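Below, each structure is written out as structure tokens.
Both complexes shown next keep chain A, but they swap its partner, so chain B is in the first and chain C is in the second.
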Partner chain A sequence: MWDFIVERREALLYNTFQHANLVVQAVLVATVIAVLLAVLITRVPRLEGPANAISAIGLTIPSFALVSLLLTFFSFGSLPAFIAVAFYAVLPVLRNAVVGLQGVDATLLESARGMGMSEVTTLVRVRLPLAWPVILAGVRVSMQMSMGVAAIAAYVGGPGLGTYILKGLTQIGGANAINYALVGTIGVVVVALLADLVLLLVGRATISKGIRV
Partner chain B sequence: MADTRTAARDPHAGIVMEAEPETGAKQGRRIDRETVLMLTVPPALVLIAFAAFVVWRQSAEFNETELRQLAWTEIRSLLWQHVKLTVTSSVLVVLIAVPLGIALTRSGLRKFSPFVVGFANIGQGAPSIGLIVLLAIWLGYGFWTSVLALTLYGLLPVLRNTIVGLDGVDPTLVEAGRGLGMSAGLVLLRVELPLALSVIMAGVRTSLVLVVGTATLATFINGGGLGAIIQTGISLFLPKLIVAGALLVALLALFVEWLGRVLEFLARPKGV
Partner chain C sequence: MTTDLTKEPERTPAAQEGAAEISGAEIVLEGVVKKYPGQKAAAVESLSLTIPAGEIVMFIGPSGCGKTTSLKMINRLIEPTSGTIRIGGEDIRGQSENELRRNIGYVIQGGSLFPHMTVAKNIALVPKLLGWDAKRISTRVEELLDLVGLDPSRYRDRYPRELSGGQQQRVGVARGLAADPPVILMDEPFGAVDPITRQRLQDELLSIQRELRKTIVCVTHDIDEAIKLGDRILILQEGAQIAQYDTPEVILGAPANEFVEDFVGSGSSLKQLSLTRVSEVELRRPTTATVGEQVAEVKRRAEANGDRSVIVLDSRNRPVGWPWLRQLKGDVVLEPTEDLVNLDQRATLNDALDTMLSSSHGGAVVTGDRDQYLGVVVFDAVTDHIRSLEEQARG
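So, the complex of A and B:
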């Protein structure tokens, strides 16, 4: 096992980076989309029920089904993988962002208005900072989930550690099958733990001092 | 307890979401409207989409491979395999996770519960496909290896919700039960479990959705199921098969999610 890792350390590092890269990019894009949608939903409360229903339904769709469905629209490669990961990543963030934005105390919004803040300033200076811890919790869920989706996306040519797992699958019976599958699986767990740690630190750095616990 | 239930509703969640600041009244109304939507829309959607699939299946032109893979007898047998995988694994999940959760909330073992849940959390971070492949290398291909992988994968939500649900029971109620002369076992059976049931059922639904979705991957290790249609479609690049397989799997998952919701709804104790 150790020899296996040492022999392939460069390819291994590259694939680990690719995995993290795919997930981080997709989650970033998803977070922006989700927060924008959440702002829209809090302005038009009637959208909230349908939005929650859609996100619950979306999370029900098996990732293998979505990934392969995307394959029929796009060719093998990173694109269907990216879209699939980003799609699932939007849902938990959206849900938390809606809850977080609605949870902002109405009296605070009123004082912001009273201080002469416009609606946009209120959003940027008051509502988003106050909702941020809840949004970030959603991002952590998204990140963890996306690690697994990205692994499955390797089946349609996505980059990353999933390729090792699939190599292990196709080489079953061969000497290195278990090494490939183990390296891929444990690699994803490690990357997921590291990413979660980074997000915790991001939380430390970005959650407004006034509401830090 | 509202926040734990919201966290559990997310089928892929590996981490318990943080508490959601919201006033009780608002939360109640929101969940109610959503409950109504989620109890009515998905089954309608499933029916309509399945009807569309039937029409498409009967009218579109297929080549020989596609016809073989999409024959109704073949679809029925794959569907049955998928259901068997899901039901067997889910029953095992409940049989293992609920007693384990109960044990971990009793005073003697309570101190281990953070470790067990923490370990399970990290385990949930492992990709399902990796778990399936590793178990197949270790135990060989087949139905039971798939069931083992699915069971392991589905354990966490039920375990976590059992612990959270039982912990959420007001201790004064337990005390009152004991004061009435109930034994600890009787209090568990008559007071704690009924009060925790809806939270536990939310975990069961989450786990059901995870299991039915992951069962799609069982085809990689000859475990059967609807994933076979997608796999054939991808390896021979027949888009019609891919679409048909993905659609059928998604519809089954939606239907199972809906069943879970109905179960959860029915499990709500009347007094609460």
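So, the complex of A and C:
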């Protein structure tokens, strides 16, 4: 297998980078969307029930099915892959963001109001920083999950390590089938571990010392 | 006991201190009503009240009487259904809610500090909202930490969770004072700390108020706290109807009705102890020593005075320890490590007795503004004072 890797190292590196790139971008966009939605949900409590239901149902849709469905609207390529990954990535972050924002002590919010902070200032200076550890935990879950989803997105022509897995599956019984599948799978795991480490460091840098556990 | 306390000189701050200039503003409530939709009885039924500038007014009453609602209407955390509230003659609806609140200090139970911000950042919040420049804010933070008795260099960069409950509450008070507002609202500010810390915090508040002379409105459920802190006490009945609004002396001496009598409770002669300040009894002046002085010299001085212990002061004339002579070792007087419980001169005799009971010296060290040393109060002085009160009462 080593030879297999060495022979294809350039393509392999490129695909690994593409994989990470797709996931990171999708998770970033998903985090922004999820936090905005969470802010909306915590402002309009009526939305909470539907939001929870949607995120619960959303997670039960098999990613393979969603990816295929997206093909009816988009052509093969990175776009449906990106949409699929981002869709799943939103869900864990959204849940955590809602929980995190709701978990901010009501007396602190009253205190902020009593000091004359506007709603936006309260959100930026108090609610988000206090909810951030919980949101970030959601981002980490989301990132892990998205690594796997991105592998499946290769089915619709998405970039990344999923192409190797797909190739391995389609060539079952062939000479390099197992090598393809293994390299793709292990690659995904390695990228996922690295990404998690990066997020851990991001947490160290961005979570206030006053609330770090 | 029928002491007519009304005849005693009025305990208004002006009469008592006279020194500091009033920086507070008058608050006037006129026919203020708060009705919540769907509730039959109004939470506040037509409350009219004048809170004089520079005084501490305590709101007290049974739970659900509308005291907190009334307080929160002053900074528009709750909007009155009708009626007007004026601060310094201006209708509070004249400016935006946030503008209004930035000019009113707000202190709530436990300090309610933001856990993700350092002490300095917490205090700096309102000045920042008001657009002060960084240098002015930093100077102000230092000033305030000093005022509430926390060493700025040690505490400014700490996070709330690294502070004790009492320290957090101090920072909470500093934060309320940050932008130097004329009016400060406090909602059960000392409810979450232990009794000894509470007493200290109350003393400190009185000492700060002596310097600043703000208008402070404070909600409490503790009648002793109300008597101790209040220049005036507002006792409320259900629906925020005024049962009595007067000085503590009058409320204790001449309760307006049965409700007030019940509320103030029995043992009102004991409560008189909460009315007399330490500054009104005679203080002893035992031998003192300054940190860094020669021990031999200190011992000689103490023996000449017939004292078996000395009070150790630091370089800023603040008492830091009260060792027996035999505990003084070495050549020079060292900074003691014990945690000396001092009494502010505005502490009540009630507090003094409390502190004395836990002291091995049968007395307590009394301090003035910014913890400056004044003297020592001892049991005899307190019992003498009580006796003279009783004699007066017997007439």
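Quick note on the criterion: the second predicted complex is superposed on the first by the 213 of 213 C-alpha atoms of A that agree within 3 Å, B and C clash if a C-alpha of one lies under 4 Å from a C-alpha of the other, contacts with A are read in each partner's own complex, and residues count from 1 in each chain.
By our rule, contacts are C-beta pairs under 8 Å (C-beta built on N, C-alpha and C of every residue); 3 or more make two chains touch, one makes a residue touch a chain.
Since the structure is predicted, the reported quantities are computational estimates derived from the model, not experimental observations.
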Partner chain in contact with A:H19 - chain B first, chain C second, else both or neither: neither
Superposition-derived comparison: chain B or chain C, residues of chain A touched: B
First (chain B), second (chain C), both or neither touched by A:A181: first
Chain B versus chain C as contact partner of A:R95, first or second or both or neither: first
Chain B versus chain C as contact partner of A:R127, first or second or both or neither: neither
Intersection of chain A interface sets (partners chain B, chain C): none
List of chain A residues in touch with chain C within their complex: 107-108, 110-118, 121, 126, 129-130, 208-211
Complex interface listing, chain B residues touching chain A: 6, 9-15, 17-18, 20-22, 26, 30, 33-34, 37-38, 41-42, 45, 122, 124-131, 133-134, 136-137, 209, 212-214, 216-217, 220-221, 227, 230, 233-234, 239, 242-243, 245-247, 249-250, 253-254, 257
Residue numbers on chain A that touch chain B, as the complex places them: 48-50, 52-53, 56-57, 59-66, 68-69, 71-72, 88, 91-92, 95-96, 99-100, 102-103, 133-134, 137-138, 140-141, 144-145, 147-148, 151-152, 155-156, 162, 165-166, 168-169, 172, 177-178, 181-182, 184-186, 188-189, 192-193, 196
Chain C to chain A touching residues, read off their complex: 75, 77, 97-103, 106, 108-110, 112, 114-118, 125-126, 129, 159-161, 175, 185
